[in-house]
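Dropping a structure here in structure tokens format, bear with me for questions.
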Amino acid sequence: MQKSRLETFSDGVFAIAITLLVLNIRIPQTDYEHLLPTLLAAWPQLLGYVMSFVIVSVYWVSHHNLFHLIRKVDHPSIWMNLLLLLFIGFIPFPTALMGQFPFKQMPVIIYCSTLLATNLIGFICWKYAANGHRLIDPNVSRATIRRIDFSFFIVNLFYLLAIGVSFFSPAASYVVLGLNTLLIILRKPAIEV
Amino acid sequence: MQKSRLETFSDGVFAIAITLLVLNIRIPQTDYEHLLPTLLAAWPQLLGYVMSFVIVSVYWVSHHNLFHLIRKVDHPSIWMNLLLLLFIGFIPFPTALMGQFPFKQMPVIIYCSTLLATNLIGFICWKYAANGHRLIDPNVSRATIRRIDFSFFIVNLFYLLAIGVSFFSPAASYVVLGLNTLLIILRKPAIEV
Amino acid sequence: MQKSRLETFSDGVFAIAITLLVLNIRIPQTDYEHLLPTLLAAWPQLLGYVMSFVIVSVYWVSHHNLFHLIRKVDHPSIWMNLLLLLFIGFIPFPTALMGQFPFKQMPVIIYCSTLLATNLIGFICWKYAANGHRLIDPNVSRATIRRIDFSFFIVNLFYLLAIGVSFFSPAASYVVLGLNTLLIILRKPAIEV
Amino acid sequence: MQKSRLETFSDGVFAIAITLLVLNIRIPQTDYEHLLPTLLAAWPQLLGYVMSFVIVSVYWVSHHNLFHLIRKVDHPSIWMNLLLLLFIGFIPFPTALMGQFPFKQMPVIIYCSTLLATNLIGFICWKYAANGHRLIDPNVSRATIRRIDFSFFIVNLFYLLAIGVSFFSPAASYVVLGLNTLLIILRKPAIEV
């Protein structure tokens, strides 16, 4: 039962964080004659909305899939999960920053670092739960565990790569992030539930 | 079980998007003497609140009814559903735009296009689920499926019509949208659950 | 099942509307020396937060209690419920108005009219459900139905009274509203669940 | 059943209040050259986000754990719970204040007083439920009740201490608050569920 309440609370935070993203799309005060160029100039904010919406969705789906394997929760895992939510709830801020300063290096690094930290905490949660099958279903095979470990690893590599290429071209970081997300959505999921 | 968590998450996004709409009603700073005219001048924002609240409600009811027919969800359907939510979560933005520039063509077109895209994605989700009864209850009859197809078709026609008439009178587009919504609410639903 | 999803969605809108109220408490930019008087001057916004929080809570508790009697929902009752939520979701706006123009008549009338309309729609929902025991438990006695009718009636009287006294003293309307809320919380509820 | 709906509603308010905190992190309009110093200057807002996120999490976990012991709810306990939520929903405001005036005494006192009041109301809820095992499981031992009482007592002491030291150094209050939170997270919970 406790597991389900933690799940519901997490879903709430995911759903709110994802829906608050739209508040970041703000166009400056303008008259109707200049509305079209103003709107066109706001496309990086639109891109940020789409990107963060999809990335938070990815985290939600992955949270969902991992919780499917989990049988119980304990005190430390609750707090790790809340730490994960702290980072999920933070994502609207770097998204806003990136929309305000499109294709600049600093916001890209802050954005990717937030995603990297979120993913690392997710990984720590997962290892804590999976270690010796502490919280997960005893039937989860070693092969499944390794496949999930590998998923976290690949995603982190992409985030590090996105940070790396930002030193040459912040726009290229966007491409790396987009590619990463596309791969996550299209590949065969590590766990099929 | 997975179906229910996707449903809960979707409900969360619908509920938040619908409740955020009120933040769009903003009256400019004024003193009490000029409050009445300021409030009266804000009626397009009020209209926008009501219209978008009802339209998001329509999507929610229809989402709800279709999910009633669905027996399971799979990886592609989760992502189509999340894409649908991306558009639902976006609706507050064109609503704000239309409140800021009432009865102007460009915001009307952006608003109707958002609704059209939302509906098209809903239709794709539905066809994916219904095709060969992939995800829906095997007992759903061909007649029911055709009735639902037809519903999507009619609603899209209305959105296209609203975009079309905006070239002559954006105010007429409001009427088309209102009529469409009224018809959806008053007609016998395609599926009775 | 459909009943429970309508309940969950309504709970979501109630919870979000109630939590958005805090965004209405905004103090003007100031330096630390003038923070105390600025904060003290913001007390009407604080009062508005408390009042609306309690009133939305009252609606939620009453929604909750009435749904306890309901056995099923149908197409019209879903749309009446959504109309109710449209008014619940609107409450943050007149609350903000009343905080901005404390103890002025016009915001008080708009605020009370919103509450009155919300309550009237709640009453229509209730009569629709209770008429001939259309949607409610067949075991609900006539006496219970009359007690609930009477509750709606009394609350509406209070709102009308609050509007009435605003013509003499808007501050007195606050007292009427506060008294009404206090009575609702303290009296023996019409239905004990 | 009623217990579960109160729990869900409370979870909703907790989840929304915690996710709204991110809206408090606002950096002033700036050009890219001055972005780094502007961001660095915003660190008290970041600290406020983390602190309030963790503290609301603490309240949520404790709410969750206490509800685990509760078997039923009644009219007074519903309203005490809603009063608790009123204070939870208020937390974003003093958090914003503290972020705007970092390390100043007045915001610290307002912040700590809010937390103290929240905790006191939580304590009253708990005593009401536990007294003569009014609402809690009859199997809850006196020792468990005393341990929970003691937890509330200690946390309140810390909040009073934080208010006290603010007269000498508001920064020290932050340390006291942080220490308190760390202790709550790390110690063996009063109830293990």
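For clarity, chains are labelled A, B, C and D in written order, and residue numbers in each chain start from 1.
Here is the rule we go by: a contact is a pair of C-beta atoms (placed from the backbone, for glycine too) under 8 Å apart; a residue touches a chain by one contact, two chains touch by 3 or more.
Note that the structure is a prediction, hence the values are computed from the model and not measured.
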| item | value |
| --- | --- |
| Rotation angle (°) superposing Cα atoms of subunit A on subunit D, nearest 5 | 90 |
| Interface residue identity across copies subunit A, subunit B - same or different by half | different |
| For subunit A paired with subunit B, centre-to-centre distance based on mean C-alpha positions, whole Å | 26 |
| Subunit A and subunit C: spacing of chain centres that average the CA atoms, whole Å | 37 |
| Residues of subunit C touching at least two other chains | 8, 12, 16, 20, 23 |
| Graph class of chain-chain contacts, one of line, ring, star, complete, other | ring |
| Of subunit B, residues touching subunit A in the complex | 1-2, 5, 8-9, 12-13, 16-17, 20, 23, 75, 78-79, 82, 85-86, 89-90, 92-93, 97, 101, 104, 106-107, 110 |
| Contact footprint of subunit B on subunit A as seen in their complex | 7-8, 11-12, 14-16, 18-23, 25, 27, 32, 35-36, 39, 49-50, 53-54, 57, 60-61, 64, 68, 185, 189, 192-193 |
